[in-house]
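In the part that follows, the structures are each spelled out as structure tokens.
After this come two complexes, each holding chain A, first together with chain B and then together with chain C.
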Partner chain A sequence: MSYNEELEPKIDQDFVAVRYNVELEGPAITPENDPDVQAILPKDEPYRSIARAVLRGDTEESTIKVKEGLNSGIPPMDIINNGLMKGMDAVNELYTKGFYFLPDLMLSGDSMMEGLKESEEALGHKSETKGTVVSFVAEGDPHDIGKNLVVMFLRANGYNAIDLGRDVPNEDVVNAVREYKPLFMTGTALMTTTMTAFPKVVEELEKNGLEVPAIGCGGGAVRKDFIESFPMSVYGVKAYHTPKLADSILKDKKTWKEIRKKYSKIVGEFVPEYD
Partner chain B sequence: MKTRYGIALDIGTSGIRAQALDIENGKVISTAITLRHPLPGANVVDHLHFAIKVGRDTAHNILIDSVNKVIKSLNIDLKNVERVAVCGNPIQLSLFHNIEIRDLAYWGPHALERLHVTPPSRNAIIVNAREIWLKINQEAEIYIPPAIKHEIGADALAMLFKSEVLEKKGIYLVSDFGTNAEIALVIDGEVYSCSAAAGPAVEGQMIEKGRLASPGTICDLEIGDYGWKTRILDEDLIAQEGDTVDPSGGKIISSAESSVNPIGITGTGVIAAYSLGLDTGIISLPKIKSPDNKINLHKEIYLTEKDIENIGKALGAFRAAHLTLAEESGVFLDEIDATYMAGASGFYVDPHKSLNVGQIPPSSREIYQMGNTSLSMAKDIILDPGLLEKLQEIADGMRSKHITLATSPTFEKIYSLELAMCEQGMPFWMYNDWLTKYGFQKIPPKVSNPVIHKIFERDIPELGEYGLKITKIGSVLEAEFEGCTNCMTCALNCPENALTIENGLATVRTDRCSGMGCLRCELGCPQKAFKYEKLLTLKEKYETSKKLKYAI
Partner chain C sequence: MKRFTKMVYKKPEEMVFGRSKFPVSQRWNMQFGAGYVVPEVKVAPVEGSEGSKEKMVAECRNIAQSACERAIAVGLPSFMLEQEHVSHQTNNPEWAAETTRVQAEILEKYYEEYGIRVSLRQTPADIRIEERGLGLRGSDYDNNIEETMEACAANGASDLCIETMGGKALSDYGIARGDIRAILFGIGVLGSIDMEYMWKRIVNICKKYDCRPGGDTDCSQANTAMFMAGGLLDKDVSHTVAALARGMGAARSLVAVECGAVGPLKDCGYENPIVKSISGVPIAMEGKNAVCAHSDLMGNLVCGVTDVWSNESVYHRQEMGGTTPEVWLQATGYEAALMNTALQTGQEEVLRDLYTLTDKYRDPQALILAYDNAHRIGKAIVKYGKDPYLRSRAAALEAGKIINEAVDANKLYLTRFERDSLDNTLKILEDLPADRDQFIDECIRAYSRKVPDFNPKNYEL
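Presenting the complex of A and B:
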């Protein structure tokens, strides 16, 4: 008996049975056959093929289809909004339903970003997004998996995420705020030695008369009570909450104080940390 | 003729272990340990953080103060100690030696440039007792073994040296399990290493009812007739049979002969619960399928879904680390000839469960549980001080490649699969599908009958004629806070019962305190009067201990 077969009985079969790509009985259901996905996917070509390539996380295919579309004279903005973003909307739908997992999202995000790069090259400038978010990992900290997820979720939801990388000095963070005037900012740290950068960043911003509506801070060693011990900050619990927090600032003009109070409501789920 | 003594020391993140030896015949005379590290913190980064905040000298003095207490309880004439050999990770050895530590506290160039830090040499060195302020014969020689490289310390050297895999043909996986796991894949003598911040979860910390291994903690579980049979550590830290419990409802099915109420669950117990939970289906990641969504192990002892997530992430770091090492070195995990487990938790854990949950690869055919290799190497140095030079030669000549997991794209891809499993409940077969999609090897099938080599009964094989002594650390930090209303919130918030406060005077037990990673005392103070920093400003005892020479 293989390891897989041994583990299989441990998995909740009721749950698995409704998942995709599972050949339990009868033919596997493909992601694009999901009724909600059907409703999101565009009907017309080349948008449909582009969106499907993103949905499948097929970077090669999405790049080819985007290039074909651009060569046939379709405006880059239409490719982005009617093709790439629709594909990402479908991915988000499946992720929210629990049929797609983190790696699906990462792969689809990559294919979307490649298509976006092609389109923006044709456009000659950055495309318009919902807003700009700056993300960084605290100085002295190499752990950037969390930050990479945050950036991916933001981009998947139509935000322009500026990725400052890992081990980012505080003054670089301050300069980025000056330059990009972000709607939202995220800082992550895994070590207790490095998370102390967050209050210092806030202090530097205040000293320079700069303000960000909210700075979402999170990561392994970081706790809510620490984050709430200084202003401008919000404790982020899960990476996938980030676009929802950004949406609340963009659409409802929420401040960091309000986000702290309404976190569960904003992200649309019960969050024990905020109970 | 007087007996000439040597002392072997292991400074670990979860405590200090010491043994007195007779230099002439190599006999162990006595053993003393602490159950905690004297510096506040649940992991070595917390220790570092504390040391940077309080100042290196003070941190060194607190550590040495505890080392002296441990040595004192060895029950030998300290005037006749001629040699001390110490082993541990680079952070602990640097604190012991009182050399630069900040290069170990931050990654990347920015923080170190800003602070003008130059990494020190961590080569093998001999100092004398006077320099370290050990309260023994002041002319005694102190042997500090080398780190292999900046990232790989003497503790990793010890596990490689004691497993004797460096000179052998074949593929070996050697790990020292602690709060930070040192893992090395050795292929015909070439070492691929990494350090997995598996986190305190596998040491029983960061788990609601988790505890470091101590008397009264659940250390193992077996499936019994109608429930799970607990095993509980006694006063000598030996596992004894405990009650049998229904994990779903928490009812005690049958009581053991000498029934005790456990006080918590330790790391090996956590691994056992996770393994049994997956086997029986009570864990269906990320959920626990019981009426109260807990795995109940006794009246007040349980694991929550949050705990399960933390354990999953910690064990996931091991599995992802093994795959990353195998991919980077170009071997398959099922080609590994033997798996070596060092460290106390690597010794006491049931290896069948380890391979069931991914702490070691499921294909491990030959498993060696080696015990405390750091202490064992320190003993070797005591009996043959010439070994120190040889160890430096081994470190210098080692063909090795260190993989920083935090910056490895391979690790990131694989760890995201682990997150999908333990946070979202992605099925395991999908995990293997994804590995294939990424072009990586699959997780190999589980072997059914691994051969387990466990030579000793304890992680420290021989305790000596005086047996084991558990030494109390007892160092405290004190500070007075203006504006304190005696509301006791800080003391009640303290998860480790480390803090007492009376009329604004706070006393903190350093060994219990979780330190800079916690700060619940300060963060929860309604008056904003509690300032942890103030505890750090001065503790007369440690400032002056340097001056209080120990005259023999």
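Presenting the complex of A and C:
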């Protein structure tokens, strides 16, 4: 007799392992029927169709609708602001509420980016964004999925995220600050010995008389106590916190010192590392 | 190269911790899979130690000495010390030579003085950057890995491991989007191709020295899915998709053994029970005593059939109970002592089953790694053993089938996200072409533009 037949039937899982995710799950929703989404989605065409395509993460449909709109003479900036970004606002709303998951966000982000590309081609230049953020992976570190998520979250929230890639030499990071004068910067690392690139970047910035309102540093082995041992830096806990931190600098002129003190309030949730 | 087309373990119940079909012997009187479980400790060099060779050597010496002292202090009969390299070590083979040498000297001293069985595992970092030219093949980074492997083997490493990163750009893209085709291409096809390239060279290096080719892990891919899937309430990656990625990871990590790796397979390869069921080589695992490094949903279950019990990794610093090499070796040491007591008293099957049942229905990722289910996935893999694409796909399909059976039997309950993503991914997997070349052509067309870091030439495609 196997353990499945002999032992398993004796177990009451309530005393061993509880699937709280199943226990607590609420009723299913249709994204477009959510009242907050309804309030965000535009009423007029073609903006509504574009926003709905982004909401569904349907890149093919969003590209077709954007092209149709552009061909009918609608200004590209209207397509971006009234269609694509509204769709992304609705996606962010559902993600925040826990109805949407990362894959939904990523696919919607892809749809938005394709539509944006079409619109910017028609525009002849880059569209206006909320601000520029530079993202990099520490020198010597090839692990970049965290940085990729950060970039996606920033773009989905209307920021121009400059992606410097992985294993980025400190000098290139400093040059990027000089070139883009970013509102915010993010650095990620997986290892204890590569996170040491962050204070070196800060030191070089200071030597060159450069400053960034804040540099959000996070990733695998990165610790808050280490990040707070040098200036200009903020320990970032979750990738999805990034646009909220950027918003706090843009809208409330927060400095790195203030973000360190108000991190939980800024991101709007309990954060064990800060609370 | 041989491919596994038959199971070494004919029945799942033959599998148990501490025993493997093909035990491995090393210097310092160490055996793996020979009737006892070996605790492992691994500690990440402290920040700042990468500043110079002298600092790194001192750091590695300190880690080894601390571990040895605690092993003796609490009476451990054996242990493995693993040093996972930071990039500075692998980029500078002369650093790796020296750090390995000092650690080997310390272990040997303790072996000679106390008779404690010891093993020194060296794991150079996969520092290759795919998008920089032909980054995976023949780049300076790639050459440094090879030189570092040789430096470790020549200076006292008992065995060599690596966590290869081939196919990661594709699997990362797929994991973040729930795109099972990209995950399969990244893990099953590209990962397998890259492992073959890397492991043939590692095995050849080991042949020149008294050093064993240990094994690989799908850390960079299936573990990425697992870590992003996170806890029960996280909303990033579906736990059912992560379970399917783990199945594929087994078909991929098996390639190291097919190239000549003998084990113990690398600790963070959660797919290792599946690989053990197919190949019979000893494995290292991590779970509840690796909470210092990360969380998982199968902390006990993964003890079930392991031969080495690891803490994964921890900062090198002081805890209330001592420094981390001391504290975490003690933790893995006591767990191994429990398993060894069970082996000595003939209670190993009972303990294995209790370990398994504590987590089996905690999460779909745990369910598929219960030793009986791991064996089922192994059988699905060897059925298509000669084709890494088809066997990876078969592993994922079998994992899905196992989950669905548990759901139908009211033993496991899924959330809508897990349910929907499982249904979608299984349908996509079933509809994929039966021909490897056709699948590869389709994927190259579909992903070359979407994943700019991916260069088919890195895989000779």
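Following the convention adopted for this analysis, the second predicted complex is superposed on the first by the 246 of 275 C-alpha atoms of A that agree within 3 Å, B and C clash if a C-alpha of one lies under 4 Å from a C-alpha of the other, contacts with A are read in each partner's own complex, and residues count from 1 in each chain.
Keep in mind that, in the parts below, a residue touches a chain if its C-beta (ideal position, glycine included) is under 8 Å from a C-beta of that chain, and two chains touch if they have at least 3 such contacts.
No experiment lies behind these values; they were computed from the predicted model shown.
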Between chain B (first) and chain C (second), which does A:D167 come into contact with in this model arrangement: first, second, both, or neither? both
Thinking of the overlay built on chain A, is A:L190 touched by chain B (first), by chain C (second), by both, or by neither? first
With both complexes overlaid on chain A, does A:S72 touch chain B (first), chain C (second), both or neither? neither
Is A:F101 contacted by the first partner chain B, the second partner chain C, both or neither? both
Given the touch rule stated above, what does A:D225 touch, chain B (first), chain C (second), both, or neither? first
Chain B versus chain C as contact partner of A:P272, first or second or both or neither: first
After superposition on chain A, the chain A residues reached by both chain B and chain C are 2-4, 7-8, 11, 16, 19, 21, 98, 101-103, 106, 140-142, 144-145, 148-149, 166-167, 191-194, 221, 226
Which residues, counting only chain B, touch chain A once they are in their complex? 45-46, 48-49, 52, 105-112, 114, 197, 199, 278-279, 281, 283-284, 287, 306, 362, 404, 406-407, 412-413, 415-417, 419-420, 423-430, 432, 434, 443-446, 516-517, 519-520, 523-524
Chain C - residues contacting chain A, complex: 13, 44-50, 86-88, 91, 126-129, 131, 165, 172, 175-179, 224, 228, 232-233, 235-238, 315, 353-354, 356-363, 372, 411-417, 421, 450
In their complex, what parts of chain A are in touch with chain C? 2-4, 7-8, 11, 13, 16-17, 19-22, 24-25, 28, 95, 98, 100-103, 106-107, 110, 140-142, 144-145, 148-149, 152, 165-167, 191-196, 221, 223, 226
List of chain A residues in touch with chain B within their complex: 2-4, 6-12, 15-16, 19, 21, 98, 101-103, 106, 139-145, 148-149, 166-169, 190-194, 220-221, 225-226, 229, 272
